[in-house]
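Note that the chains take the letters A, B, C, D and E in the order they are written out, and that residue 1 is the start of every chain.
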């Protein structure tokens, strides 16, 4: 079983003593993120996020399926995560390891359980037809903090995605191609972001956006998912050495700030992308079509 | 198959055990008589969320919990094509289906699809289904039926062959199983009485004595050494068994005695033990024989002086005696059932 | 002196670029393959380097994993220890190299250094063969002297590319010019005192006694490596960085 | 079955008649199984857990030399098919179960003196016989008791409970009360978190929340949780002392 | 069981497809097949060894369907076709623990098309259960201590499986009781025994499988080799029988036999004795062929013919 190589004792001690002197190896402040870069693909629903060297790509797709028998009025939304050897030699194909399970649970809790995506809006005919929105999360490069990066990429991709328009006449459903009708945005109820706080020395030192080396040296982490309105969607502190109850509340406050920052990044990039698309000849053409139809 | 493929006993120990168990009467390591069971602690109705439940703790520390849950299910259209049987026509009594009983076993350290749990589940299932009485009781009407889930958990590591433990626990759990009373008509959408007091036992009881009229079957593990037949073998004893047979027996409604409803041979782990080396062939003890001579010596010895894993099967006469010991009047089966009667929730 | 011709795997080395040697023998370095009678093919992509004096040629390339070669100085990390030797990792996910328990200066059974898993040592490769475990040692076995090798305590190890590590170790030519065109260590060394050990396996260990200075040196090295800074750019970056730490 | 919050507002009584800061009945037993190195049975209301601890022992998984300098804590959780309202078989690869296993394992890894047992494994096996809320908390408490029974040295032990809030996430209800120790029905309706603390002080080892909630609610929930964990800890203390007395008197 | 989901193949939709229902003449009444053999008569068995040249040992076993006249396209009774290959004895893998005995493992798998209901590619619990039964039957026969540190794999593919009842029967589509499994097991025992002999693994005896049943029609009278579609079986028994030692290595009995259990076992043994004649004949013939072949091969290398077929008519 390949594993991420453990850092040497020298590195471990140095990282810790540096942190005690308020120094991070890459010169960032404790609560500072590495450069966050978000790019959208040609197609709808492809988002590529880079935080420092960490890189995550999310692609959303939609298909029409039968809803689950026990949830007739809901569409289906699934998130699948994949940590492949592309990201790090420590990941194996096809084998679910701890990191992957935790990551997928985290996204599940942050996005699905918190109801970020309105699944009822995906229903086409109750009990018969609905959209299945599938998000594939691929970690392409691994240098720490994949939770925050994956969540950011997932939220951005969901906001960017457009599903095909449908028309229902009784039992008949017509699904329109992207060229036939302007595709429709997904209904998002809120946009939660994952913020991981790594702690050292029993909570004396708190870091945001830890690099891989810092992650390997940390004592534990608190992962908080929060949206810009200050609604906490999920907190995970899986074991690790204990910290004060109060510091968790501090973490939450700091996470809110970061979530607002990430929210802005996503909004700005989406706007940029929309402008770019607006100019395109294809879109203009489509709009003309639609107007004629309505008229 | 066996949960313990490496038996921590040397050929000398195996040989000793085998000889003492082959004595007449056999000398068992814990001084029990051949038909005596080890003491056990049992309780029933331990879980409020299950329709029936039981827990048994054997003296060696092995422990099992069984929970029985019943769920209402719509009876699928039967696949009959012939006999002019159309919908609506009912032909006598409704009969239950095998698929309505679902037995699953969880044993720590094994996967759900390992041979051991699969084998044990199949063994317990076929004993329960053998006389068709139990599945008949699951019928609610033509449209609805109960589906019975029997979840068997072995809580400890499988120290000895867990079959008797699991079977006895299942027996107690089923005896304590109660189904809510039906208030709706037979073929309507079923509606049940919320009152737990009004519920009926899956195995109906006599109103006066509160004794069950019929009982679920029990499965006993019987092993042979030489001509001796031993019940409830411990893990050490199993290590030298010539043959092991699991016999399921239930009360015969006709004459009140016991009848056998299922039987399976179990692969004895003794077949995987290492053979001893005769002194003449032991090079360190001064005996220097060629490989060929050693082989000859071993074949001639045939387990007389040193331990040799058993070969072949069990002879038919011994098999017949084993069955008889379980089901005969005043036999071990009745004794066990009598012992379990004393268990109160 | 360095020929900048870029070769791809399978490409033939032209006979005019072969060095003339008096004895008529050539020494082939990494990345080259000889097919008798006189064809020389490259096996990796990179630039061809020729040393006419020694009649040697080899291919330099920036990426790929470090392959142990006898005589290389490396920084190894102890993984676990057995009765005779420490198993050390040179690069992650590769077979361990063996470091004898007594392969240290002045070590005998009583005085040998006690190393824990995760400790770093500066060592030289003494055996590198396809069929056997790689062996390293922390002293020169012929002289018994440490020659700067041994356990590394404190400080920080930075990961750089193996090619950059090689450039760091090229030394200076007659004019005092850096052959590897990396001036970070020298230029910083004029202002800041620090200890350094460069391992061919892509690790640089730095210890200046001060966390901030060590971090700066590490960052400069990584920047020079990853962004491929030339000498001028390096000087500029060094000046800026040193200002930050107040030197 | 929606929780009738209006009743709560009137009488300040919960569905099962408790007040906001009341725990359910907690019952625990130690040394319940002779075959294991340590074992316990733990009830929190109708949530019932059996826990056995094996080890510290040699790693059972063969292959690959284990050079770890500390003991590895393995956790196996088996959720019985009959434990819930409906019969449901949860596979062992279920991600939620695996997440719980990881949480318990890493929580105890920092409390148990694992460095005293290099190259060994401590296996905690948890069987969930019946669930009615506070599953993770009950598992942690059961594991604590079983580890104490097994005589594994620990710095301290972890006591856990859940807290919730009467306000659902949407309503910005100013006078929402925090609730202690939610039962299964309340868990379906209300936001809640599971918390595990060690030591008498407010040191949080585990904190897991899966539901959406307004940030201001959190503070109250955390402080009630800290207090609840202290109560649970006292009860656990009592169980351990009781068991110790029994052991001594039987000598 | 979700865990057993087959993820290596593109599978058919989970809902499945309904089995074909063949149109039959409206006046054609489907009739349950009736046993035409005597109660103590076995169906014809075809057995041949050495069918897979690359395996250490192999055998093929077939029971032809009974010839009942029918008016529909669907055969009213099923037949049994089993192949078995034996690999080994061969050394255990390096990471396996030491074993002083031959480690025999069995692997029983139905071909996806073997039964009326399609079988998946992953072994289900009934197939695993059969594997355990077969293992028990064979472990007692092979002399394991002759082959320390070795493993031997017995791989069985059931090409056509006996049905559990009459397919058109009202009850569960003829699946009640899963009696067909018992015939399959008896066949597996016999064919594996032949294949093991073909592989040259030391055995104490040839083990042959036999099935007997108590049926409702005959009022408690037992039948040998029951074809489930022809009977209404009350109880059945399979044995793996060693004739020369008069021993049973494997026995599987289920159902409500009442007091007739002893007679049932006796009948199963009788069936096993019948099967044994075919088994012995097939093994003997194969051995003769091998001996003959080696002497022939010395003279003429082009002759690569395999064993002849053998059909034996049997009566009790």
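As a working rule, a contact is a pair of C-beta atoms (placed from the backbone, for glycine too) under 8 Å apart; a residue touches a chain by one contact, two chains touch by 3 or more.
Source: prediction; values computed, not measured.
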{"item": "Minimum number of chain-to-chain touching steps separating subunit A from subunit B", "value": "2"}
{"item": "Most central chain, judged by mean C-alpha position against the global CA mean", "value": "D"}
{"item": "Farthest chain (mean CA position) relative to subunit A", "value": "E"}
{"item": "By count of C-beta pairs in contact, the leading pair of chains", "value": "B-E"}
{"item": "Between subunit D and subunit A, distance of the C-alpha-averaged centres to the nearest whole Å", "value": "30"}
{"item": "Gap in Å, rounded to a whole number, between the CA centres of subunit C and subunit A", "value": "40"}
{"item": "Between subunit E and subunit B, distance of the C-alpha-averaged centres to the nearest whole Å", "value": "26"}
{"item": "Distance between chain centroids, defined by C-alpha means - subunit A, subunit E (Å)", "value": "55"}
{"item": "Subunit B: positions in contact with at least two other chains", "value": "112"}
{"item": "Subunit E, residues touching no fewer than two other chains", "value": "1, 3, 97"}
{"item": "Residues of subunit A engaged with two or more neighbouring chains", "value": "none"}
{"item": "Touching residues on subunit D, where the partner in the complex is subunit B", "value": "32-36, 46, 48, 50, 52, 54, 60, 76, 78, 80-87, 89, 91-92, 125, 127, 129-132"}
{"item": "Partner subunit A, residues of subunit D touching it in the complex", "value": "64, 93, 95-96, 98-99, 102-110, 169, 193, 197-199, 202-215, 218-219, 222-223, 225-226"}
{"item": "Contact footprint of subunit C on subunit A as seen in their complex", "value": "2, 4-14, 17-18, 21, 23, 25-27, 89"}
{"item": "Touch list for subunit C against partner subunit A, complex", "value": "77, 89, 92-93, 116, 118-120, 152-157, 205, 211-212, 214-215, 218-219"}
{"item": "Complex interface listing, subunit E residues touching subunit B", "value": "1, 3-4, 21, 29-30, 97, 99-101, 103, 123, 125-126, 128-129, 131-133, 135-136, 139-141, 143-145, 168-178, 204-205, 235, 237, 240, 242, 245-259, 261-262, 265, 269"}
